[in-house]
Amino acid sequence: MIIVLKPHATEADAQAILARIEAKNLKPLYMPGVERIVLGAIGDERVLAELNIEADPIVEEVKPILSKYKLVARELHPHDTQVPLGNTQIGGERFVVIAGPCSVESREQLMAVSKMVKANGAVAIRGGAYKPRTSPYAFQGLGVEGLKLLKEVNQELGIPTVSEVISPEDAEMMAGYVDMLQIGARNMYNYRLLEAVGKTGKPVMLKRGLSATIEEFLLAAEYILAQGNPNVVLCERGIRTFETATRNTLDLNAVALLKQKTHLPVVVDPSHGTGIRELVIPLSRAAAAVGADGIIVESHMNPKEALSDGHQALTQDLFEQLMRELKPFVAAAGRTL
Amino acid sequence: MIIVLKPHATEADAQAILARIEAKNLKPLYMPGVERIVLGAIGDERVLAELNIEADPIVEEVKPILSKYKLVARELHPHDTQVPLGNTQIGGERFVVIAGPCSVESREQLMAVSKMVKANGAVAIRGGAYKPRTSPYAFQGLGVEGLKLLKEVNQELGIPTVSEVISPEDAEMMAGYVDMLQIGARNMYNYRLLEAVGKTGKPVMLKRGLSATIEEFLLAAEYILAQGNPNVVLCERGIRTFETATRNTLDLNAVALLKQKTHLPVVVDPSHGTGIRELVIPLSRAAAAVGADGIIVESHMNPKEALSDGHQALTQDLFEQLMRELKPFVAAAGRTL
Amino acid sequence: MIIVLKPHATEADAQAILARIEAKNLKPLYMPGVERIVLGAIGDERVLAELNIEADPIVEEVKPILSKYKLVARELHPHDTQVPLGNTQIGGERFVVIAGPCSVESREQLMAVSKMVKANGAVAIRGGAYKPRTSPYAFQGLGVEGLKLLKEVNQELGIPTVSEVISPEDAEMMAGYVDMLQIGARNMYNYRLLEAVGKTGKPVMLKRGLSATIEEFLLAAEYILAQGNPNVVLCERGIRTFETATRNTLDLNAVALLKQKTHLPVVVDPSHGTGIRELVIPLSRAAAAVGADGIIVESHMNPKEALSDGHQALTQDLFEQLMRELKPFVAAAGRTL
Amino acid sequence: MIIVLKPHATEADAQAILARIEAKNLKPLYMPGVERIVLGAIGDERVLAELNIEADPIVEEVKPILSKYKLVARELHPHDTQVPLGNTQIGGERFVVIAGPCSVESREQLMAVSKMVKANGAVAIRGGAYKPRTSPYAFQGLGVEGLKLLKEVNQELGIPTVSEVISPEDAEMMAGYVDMLQIGARNMYNYRLLEAVGKTGKPVMLKRGLSATIEEFLLAAEYILAQGNPNVVLCERGIRTFETATRNTLDLNAVALLKQKTHLPVVVDPSHGTGIRELVIPLSRAAAAVGADGIIVESHMNPKEALSDGHQALTQDLFEQLMRELKPFVAAAGRTL
């Protein structure tokens, strides 16, 4: 149920109504806008009806929520959400480039690539400390040691960091080390994990599952917002199809459709989306053109020695070329880099 | 590394070698066979080499493990594993039928359907207490209340139960209520959860992910076995394809292939695999024919009122027909029902 | 439009109505049943209405056709169709096994494998003379020379033959050499070819396209029936999915669903459906159990030297094993082999 | 076999060698370059060896062809091919926009939309006269009548036309009416049709099959080039995946990869690739950014009354917006519109 208050309604008016909603064990939502305060109430429709909120003189209109994903839909929230990341935002005028290694491997490795991508215009560093690997015998990441290195990079270079969380019990702890928590594609349906990152209030990058429909993807985001955390960035990273010439099939249709259906920012991961270093630049250009709010790419000073995903990491030369080639397309999209 | 001991080797000989393996922080495996004791050592190949185990006079042969999934492959373990479930086993002569509701909804609902399916030959009851639902607003299961009802059914009817675990922190607790822990399709890549159920030592039913390859599926099982838990049953439950006439595409190719590649039992879930009540019986017959060790089906006394997945649940009439129709195919496969 | 005539209606009554339908350039259908004569009229609904057929005293009822595929749906034709193939039928009590090489390579090769599979119970010989190959440089089949060899086998061994047609202009000519025309998976959407085989009146085996939905498959059959040829057998041969461990994913869901939706016989091709010789037997058993009317398998006396698809062809030993293993499952399905 | 001639070799030298190749029933290829004449010989490797071409003093080097697709690979032909279309080319500096209705419906409909898209910068008109429809009862196109209308548009407006051919026997005839023959997605594996359009020598637009791999797509083009017709444009038009929110999944990975693997031009069809009018513009921008040589879009003056695919056709307003929005992205790609 969406409750639009009259123009002169105050925050106190809103709180009174929210208290009534909460007293019935329904989920209250407070959405102050520039012109009006809008409230939401989510839960059993019959209980909602008992509240008889339409009768309140401060209420202008009460309407049902049609989308299955009530909090992430543009229906309730037509303006683009901007998610903070360090001193910048994702979803605003700037087309953000987040870069870094697949895995944090050592202080030297992380610092070198972070300096390089920052010097070339990256706004944040990505790097995995906990790696969900297909084989239990593969390198699983440096764990807390990796998080400490990310914190060091953040403090030394003054650049925010993004890293993947793979267990609900780690969410709070990781929020102390990094600026944005990433949910990987394999955990998109891990609803307990979504709830855990929702509770931290920390910005979250949610990657689309390997074969998740767009509706499932939006509902996964809804799990996070339903915990009171509005700072979610969606990431299209390729879906699994019959095609084997590329690692995944980057679904740019989905990006265009998501931008219409939700107010959340959408970024693209062309590294996993193609799995081939030589395809990262053209697909990054396409991401800017299709309307994405940024990209997240893997980069490594020496990809041949990377402990994971070396074949898709950009070398320094290619990263520099990426930023050069992106520029006119970002400008064509009316944004800055 | 696979270490085959000489015929006269004792358990004490084996333990001595295992201690050396463990001292190097490698994973030791003890696999006593009818004729020989076989040991395994999993970890960094260079460290393994330092052990110079070939030189031990009690060792007959040392060979590398070729499969990526070392513990689940038939390579190391040619005989079929039988996983205990109450008084019966999965993977033996008996073709097992596990049945019950999608969700545990109430004592009456669960008890009624449990009695019915038990009377018709089901060897275990399935029922969800924690439901991983696409929408955060959908019925999420009764939680501990549901587990208590499953325990009651177990004690009153003397039949084992299977229920899904969705969070690592719940694994130990749930092991106290049910006889087999299920990992759902959405959590097949949730490696922390796999490790958690591995640590409980409890029998596990591992469902194939929506778009998991057979190799990824076997490696997910490997995560559980690598924690020292050999009691894993694989469950094919349909994959996601372009076809929309059925909910999923049941992949019986995978069942035949899995039976060749692994010693673990394989069961089939035709309820989720088709999503259509009328297709459950023919696909159950096909599961028996293709070589599966059993099926797990959804059943409900009144599917129209089910809180989840009612359209694919078998009524009493259909469940009785299922058991009747299965009989000759199970016999043709040289097994009993 | 379905037109049910009154019980006492004669064939002459029916012909009078059919003439009126034809005079309006609509497609008339004559479907005499045991109890009633049923007629059909397919075409522009407004023109149909002008005929005012309800007013005819010999007409009991006029109703619209709801299925998109009007001629292949069970709606209009509840009883199973039996398609003649030499002295036998597909779709009757007998579970048919059609076998032979992927390609006709030589007289010796074809004769040897034909004798072997016939001796073991195959009811028809398959063999490609025109091969639609992915590469223009691959062996394209012997052409008319291959057809002549199939005719020789037919005459010498008294067994019917099936062979693929790949061009509309060949349909009539091929109908003179073989007993059943096959439309391959790659040509399922080749509507001109479907119309051409429809016009020959010859029995047709229509294979499902690589990524054809069940509805598209049934509509492809409808193209053939709409030319007046009711003798169509549907063949499920595996669909293209993300899984690469098998060549295709055999979709037995589709077989069960097709048997409910259409009166046409359905056979299964486990050779292409799996692409792995060792999986052909278990999937053939499953095909019998799921309700298929038969299988079509590739067999070769010396698969290592086959000019195409050798890895999935059954050797003599495996073919004999197939027939032995099939027997109890075919019996369990209430049919004969 | 690739045969590189010495710098001073003349065309007569080349013809002498080609004659020797042809005399052995091998396929000779003549590929004069700016610096060198390169010849090709395709066929049985043993016969090729017998020719002993290395020994010819005019031959500098003989090397094997590694690609499966010998004529379409960049390996043999590093420079971009430009395919003529009326007075323009596809594959050159200009980013081409081809537009028009799904089906030619009437003179008025075709002329109106053709004038509109031409006035806005389209370089060619698309329009189907023969429509391969899923249902035999759907509108199948105007046939020759439609071709005549396309010819009229061509003569009256001086703009080239593209139309789909669905039967080998129509290829020659259609070549007399239109400027480019289109092979639709459903006929990509229809090798006889590919050969037929190859023989006409007319420019061909080859659409990727619904679930065709990139290798299969290139080999389909190879079928056309192998008939001596070098004028092939590849068209990515979306593949079939599990996603149902869009009609198909436009695979821009494929476009970037194709541009690396082949010298043939590649265009994108965002109308079929998305199936949603509102997504056509963002995906067209992305097509320009990823490196495509143009787009082909459906447009209709009154989409609600279109006989086919109305939901994805651009109205005049949207077509004008498309051309406006494309401009900066085409410029960013270093091309002209």
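First chain written, first letter: the chains are A, B, C and D, and each begins at residue 1.
Everything below uses one rule, namely that contacts are C-beta pairs under 8 Å (C-beta built on N, C-alpha and C of every residue); 3 or more make two chains touch, one makes a residue touch a chain.
In this text, all values refer to a predicted model and were calculated from it rather than measured experimentally.
J.: Check A-B against A-D and say which one is joined by more contacting C-beta pairs.
T.: Between A-B and A-D, the larger count of C-beta pairs in contact belongs to A-D.
J.: So, comparing C-alpha centroids, which chain is the farthest one from subunit D?
T.: B
J.: Where the CA atoms of subunit B average out and where those of subunit D average out, how many Å apart are those spots?
T.: Chain centroid spacing, subunit B to subunit D, equals 50 Å.
J.: Return the distance between the CA-based centres of subunit A and subunit D, expressed in whole Å.
T.: Using C-alpha averages as centres, the distance is 38 Å.
J.: Distance between subunit A and subunit B based on Cα centroids, please, to the nearest Å.
T.: Between these chains, centre-to-centre, one finds 34 Å.
J.: Mind pulling the subunit D residues that touch 2 or more other chains?
T.: Residue numbers touching two or more other chains: 211, 215, 240-242, 244.
J.: Along subunit C, where are the residues that touch subunit A in the complex?
T.: Subunit C residues touching subunit A: 211, 240-242, 244.
J.: Note which residues of subunit D are touching subunit A in the complex, please.
T.: 211, 213-215, 238-239, 241-246, 249-257, 259-260, 273-274, 276, 278-279, 282-283, 285-291, 328-329, 331-333
J.: Report the residues of subunit C in contact with subunit D in the complex, numbered from low to high.
T.: Per the touch definition, subunit C meets subunit D at residues 42-43, 68-70, 132-137, 166-169, 186-187, 189-193, 209-211, 215-216, 219, 222-223, 226, 240.
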